[in-house]
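Here come two complexes built around subunit A, the first alongside subunit B, the second alongside subunit C.
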Partner chain A sequence: MSTISSGPRPADYPNRRPEEAVAEPTVMTTADGTPLKVSLSRKLRRSKIKAMLLVAPLFVFLVVSFVMPIFDMLSRSVDNPEVPTELSRTVAAIEGWDGEGLPPETVFAAAFQDIKEGAQNRSIGRVATRLNYEESGARSLIMKTARNVRNAEMPANAKAFLIDIDEDWGDPAIWHVIQRESDPYTLSYYLAALDMEYNAQGEIVEKPEYMQLYVDLFIRTLWMSLLITFLTLLLGYPVAYLLANLPMRISNLLMIMVLLPFWTSLLVRTTTWIAILQSQGVLNDMMVAVGLISDDGRLQMIHNQTGTIIAMTHILLPFMILPLYSVMKTIPPSYLRAARSMGASQLYAFRRVYFPQTLAGIGAGGILVFILSIGYYITPALVGGQSGRFITNFIAYHMQSSLNWGLAAAIASILLAAVVILYLLYNRLVGVDNMKLG
Partner chain B sequence: MKKSTLLKTVAAGAVTAVAFGATTAANAETLNIVSWGGAYTMSQQKAYHEPWMEKTGDEIINIDKSGNALAGLRAQTMAGNVTWDLVDMLPADALVACSEGLIEPINHDEMLADAPDGTPPSEDFIEGSLTECFVPQIVYSNIVAFNTEMFPEDKQPDSIDDVFNLEDYPGKRTLMKKPINNMEWALMADGVPADEVYDMLETEEGVARAFAKLDTIKDEVIWWEEGAQPPQLLADKEVAFGSAYNGRIFNAAVNEGQPFEIIWDGQVFELDGWVVPAGKLDKVKDYLHFATDTQRLADQAKYISYGPARNSSAKLVSTHAETGIEMKPHMPTYGPNFENALPKNDAFWADNIDELTERFNAWLAQ
Partner chain C sequence: MPPSEQTDVLEPPHAGADGSTDAAFVSFRDVQKSYDGETLVVKGFNLDIAKGEFITLLGPSGSGKTTCLMMTAGFEVPTHGDILLKGTPINSMPPHKRGLGIVFQNYALFPHMTVAENLAFPLEVRSLPKAERAAKVQRALEMVRLGSFGDRRPAQLSGGQQQRVALARALVFEPDVVLMDEPLGALDKNLREEMQFEIKHIHENLGVTMIYVTHDQSEALTMSDRIAVFNDGVVQQLATPQELYERPANAFVARFIGENNTLVGDVVEMDGAAGKCVVRVDGGAEIKALPVNVSKTGERSTLSLRPERVVIDPEPGSLPNIFEADVEEVIYLGDHHRTRVNVLGNREFVIKTPNAANVRPHRQGERITVGWALEDCRALDA
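Let's look at the complex of A and B:
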């Protein structure tokens, strides 16, 4: 309640003296005498807290299972603890090295001590693995040295001693790598994920062509996801239309046919496609039987891009149909009839009246299918062969097989960034508020 | 079929364990043992686990995770909650795990059983097979097998060269989706003698030559990732040739009657064995002592055609438990099979696996 103390008074303002209002403010109170304002804000606060408590479990769950892992992943993609902690003396000693020729004796002595300590604690393997990502052969260099210095006394000339163990210590290359990777953070994983590397001069260059892999995979993942989204729309639109417009009895049956595969295990659906599409499979057998193709000319439809596209389109189809259906269900059939009665042709009425109303459903289904397919990895792994693999398969590969978690995190972060950018773009074009998920 | 028998065995084992648990519950334990699954875990179940459970009342749980054992150990150690008690892994992985302190160093002569004639383990196991943290069980081999029905009787392949010969031996091939073995075979088929293969692969020229040879069959290759895939693809006649672990092919040929034949020429053999995750030594040392003694290793060869890693066990290898066939001719180490065999070079692969795998993946994607 603001008291008006200045400003022009409206003409129809009640004829009351201002002093009176200041002296005797009319305070509305509740039955027990608390001012209404206080009581109301108390009530509001209480319901706010209640609402917050209701949301709290979900919030905590999201933080623990979503925000923290993403943060962990982002930090892991630049995290570089191995060299600074395991070779701490060497890192301190090599800081001032100008990179010309070999580093001075103090660096060799520090390396001797670091490797000896690491060998005794059996922790040297971590740094050996890390350096091997940058320079093939670094692992055996470090491990061989570790075996040799484990029980050795500090020699008078550490340089000669190490080079005697393995002549690679006499090559500046390994020292450049150590110096470059001596920061607790590194860009190496991101470079590797973008098919780039440092050259001997420490400049960032493209990898040789026969080593390039990931950029093409990112592009392939994106265009195949787009294609799959488009195919689900093409197949799903008529189905959703039938679902929304057929009599209840038939459309229920149709709905079950859409949902039944949706409830079936992903692995079952994927392996079924293998049985159907493989070269000795059902489809090829049938085509040979009716004489469409010869026995030698069986088509290769699985373990390649075709396999991935067919299987994923099928698996993701319900995610397109359901949002479309929920939107189409709300469009009154009278609109189309009205358009027809005003002389529009069937096609024109559909194009100008019906289709624009389903855009919200297309938008929702499209983004749902696209984002799901960009992150899919089991189906491409099983049916994709070589040409039908996604970038996600390499994230899994680096998590499980090569154990290069830094690289896996870098690839995943780039994928995340790509999805966020595409989402923002999509929001700009379609508008997320216009989507309807059902 | 195979899986259901395995399940039955595991279930039977569990029932036995429970039954014995009732009588000797006092200090019976549960051991989580990680291995490769399939026919291989089956052979361990029969040869080691069942006698051990009968003897002690312990319960043994098989976990089929050896394919990702190193990743699993790292993750469990990082999380500070190691649930695996004993892990079956390859020696190259064991070297890495050992240098990272993930697994226990083992004093072989102190912890393992002597041979029946008193030979200490360090002399009884195959020379050079014991490393700091690793106890070998078997020698297995990576071979290429073929389906005999895919080729006319008078024209059956018999050398590694034939795998790369599309003209005389047409048909799809299935190879493991890793550079390991494939690079070696490509060079051998290109005329490099077995003992020069790794020297050759150390050079850029050798690597390029191996990829060039693989290029000649690239379009005809289906790449496999799980050990169970090649026998399946061969049985379905999806492929004519398939690289595989020799035990899996033996299992399919003998137990399932598949018309498979192994090309022993150019086999790449290596060891496989146990490692103990850090902090688990006290819990599993008795089992480890039992499971790696001479008799147990010899028993395992009754179920799968992998050679025992102890010299004293090799003499005891007899016949297959179910079919009664002589096992010796099916072992990788059997004289005629061993003529052109290549020992896998773990040190080479430890150094070059990262770079060559990347290059291999890039090559595949081209």
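Let's look at the complex of A and C:
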């Protein structure tokens, strides 16, 4: 109603005398003379404190369990303490080396001392592993040297002594690596995560093709997540429509069926798909029984991309349906009726009137499913096989098996960056304000 | 359009200018509707609507009036009977082929389109050229006095403005028939009255046939050429507003339309030829009344009497019915006084007296006499 009269402005209130309106640009006060603003903020302070106290436990929990780990992970991806601390003398000595030929004798002597000390402290293994990430064979070289120098006296000619232990010390490559990794921060984890490395000249180049792994995995993770998002939309849209438009009694039942998977363990759901899809599984058996395929022509539907896509589409479906449903619930049937009364066919009315109004739900469900699936781990690990594996499986591998946490952190950081970039892009295109999660 | 004075309710006031009998522009033939197969929501609806007529379906909620409208629009299918548009049955015609303009209760303006896009929608469906579309949209917006609002979103408009946009959208493609489903229900009283006149004027200017559903009797009386009063799936009376108010056909219509005093009793004397009967109310007094749907003595009857037809302190002998009454309550309502009296044991008997200079308002506890004419007191079914 306000737009018709455009709302009376304060000065129009009849009970406000005109001279008051003119002569009173001063601060409004309460009856006892305190400025209105002071009085108001005093009254609000209590409720503000109360609200903050209510939020505080969750806030602390989030900082400890979410924000701090993320920063720890981000720092681990560039953190490089091994070489600077374990080989401190060598690092100092090699600083001035021009990289031509072999480093001078002082560097060999420093290395001898560092390795000997490291061997005696039993801390040499860390740097051996670290150098091995950059140069394969470096670990055995260092460990072998460590065994030999542990009880040795400082020789007159450290260069000859070390080369005598292992001729690899005579190869400038190992010295280049040590020189390069002598900073407390490194980019080499990120390079590894992007299938790149330093060459002998210290330039950043692509790894040889047979060593490339992660870029393809990133791309595969992205397109499979997109496909899964699209499939959940395709399957979820009609269900959400039914949920929103069927009579309460039936739609409640349907809603329970949508939510039922939430009450079952994720592992159970995933392994059920193994039982259904494997080559001796239910689906193949049925198809053989009805003669659709021959017994030796059983389809491989699990432990590959198909398996990952089917299982993840199923698991993530509710995350698409619920936001769609919550948006569709707010669209009264009279919109479609109005469109049809104006001459639009059912399809036209859907396309021009109904569908555009569900975009907010599609956006919300889409981004939810996409972000969830891009970081999904357990299902691809169980049913993905070789070809259906996600990048997350390699994060887990480097966390748990290879213990190369730096690389795991670098991959995870790239994944995080990708999600943030896609989210920003999405926000630009769709607008997060327009999306409804429920 | 003054309603006709005749009692012939089936003669629509809008006859075709050329004298043709287009009385059945829209007609309902024996329409029945059941949702559950057990009860009928609409029980045998018959109605002929003339071209250009403004028909209101009036009734309490659940009386079947909206169902009738939705069947006309094609969103519900009659369980039995036919709906004819220009003589052709449209039962199996899908809604988008019927070419009816509809204004919905909640306006149903598309929130993702601007006002102009909303209005252009029916034209776009009909693939009108762009320039023509824009011209028509602008003309329709100006008709509802929203000429400069084309670029706004519906959510940026007030309720009254949204209502006008909905109206313009239902009219912009020049349909022959416009259906309105309680379009003013969500507006406040002042705006509602303003809109009633606006709709009325648009109807008169465009000559479009309107079928209007409402539960608000004053709305119906203001706007309609004819009103069909619904109750319990049946049309209780189909008549002009004046006819409906002055001569309700049964007790339900009398109660539903306007304020009404009722006295219940038994018919003791019946003279159908002279158009009079005598009803002995439960207190024992006898009232002379006009028999409407009572036919013989012994029947139970509800007497209906409009508050403004009661005369206070009449000359003795000037009216056939004069009784003593005790003033129970006087309410001042600005332009008139509403006096509640106890007459013949009925303590809810209301009299309206205009607030004129020479009329002295009564006081509580005062004893007065009230009287009324035989024709004003209608003996209806119990």
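Just so we're on the same page, the second predicted complex is superposed on the first by the 400 of 438 C-alpha atoms of A that agree within 3 Å, B and C clash if a C-alpha of one lies under 4 Å from a C-alpha of the other, contacts with A are read in each partner's own complex, and residues count from 1 in each chain.
In this section, a contact is a pair of C-beta atoms (placed from the backbone, for glycine too) under 8 Å apart; a residue touches a chain by one contact, two chains touch by 3 or more.
None of these values were measured; they are calculated from a predicted model.
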Subunit C versus subunit B on the shared subunit A, clash or fit after superposition: fit
Touched partner set for A:Q400, first subunit B, second subunit C, both or neither: first
Which superposed partner A:R337 touches (first subunit B, second subunit C, both, neither): second
Dominant contact partner of subunit A by residue count, subunit C or subunit B: B
Touching partner for A:Y348 - first (subunit B), second (subunit C), both, neither: second
Partner chain in contact with A:Q201 - subunit B first, subunit C second, else both or neither: neither
Subunit C versus subunit B - closest C-alpha approach in the superposed model, Å: 46
Subunit B and subunit C contact sites that coincide on subunit A, given as residue numbers: none
Partner subunit A, residues of subunit C touching it in the complex: 73-75, 94-102, 104-106, 108, 110-112, 121-122, 125-126, 156-161, 169-170, 173, 179, 188, 191
Of all residues in subunit A, those that touch subunit C in their complex: 1-4, 332, 334-335, 337-346, 348-349, 352-353, 356-357
Contacting residues of subunit A [partner subunit B, same complex]: 121-126, 128-129, 132-133, 136-140, 143, 146, 210-213, 216-217, 278-280, 303, 385-387, 389, 394, 399-404
Touching residues (chain side subunit B, partner subunit A) in the complex: 68, 70-71, 74, 95-101, 105, 211, 222-223, 236-238, 347, 350-355, 357-359, 361-366
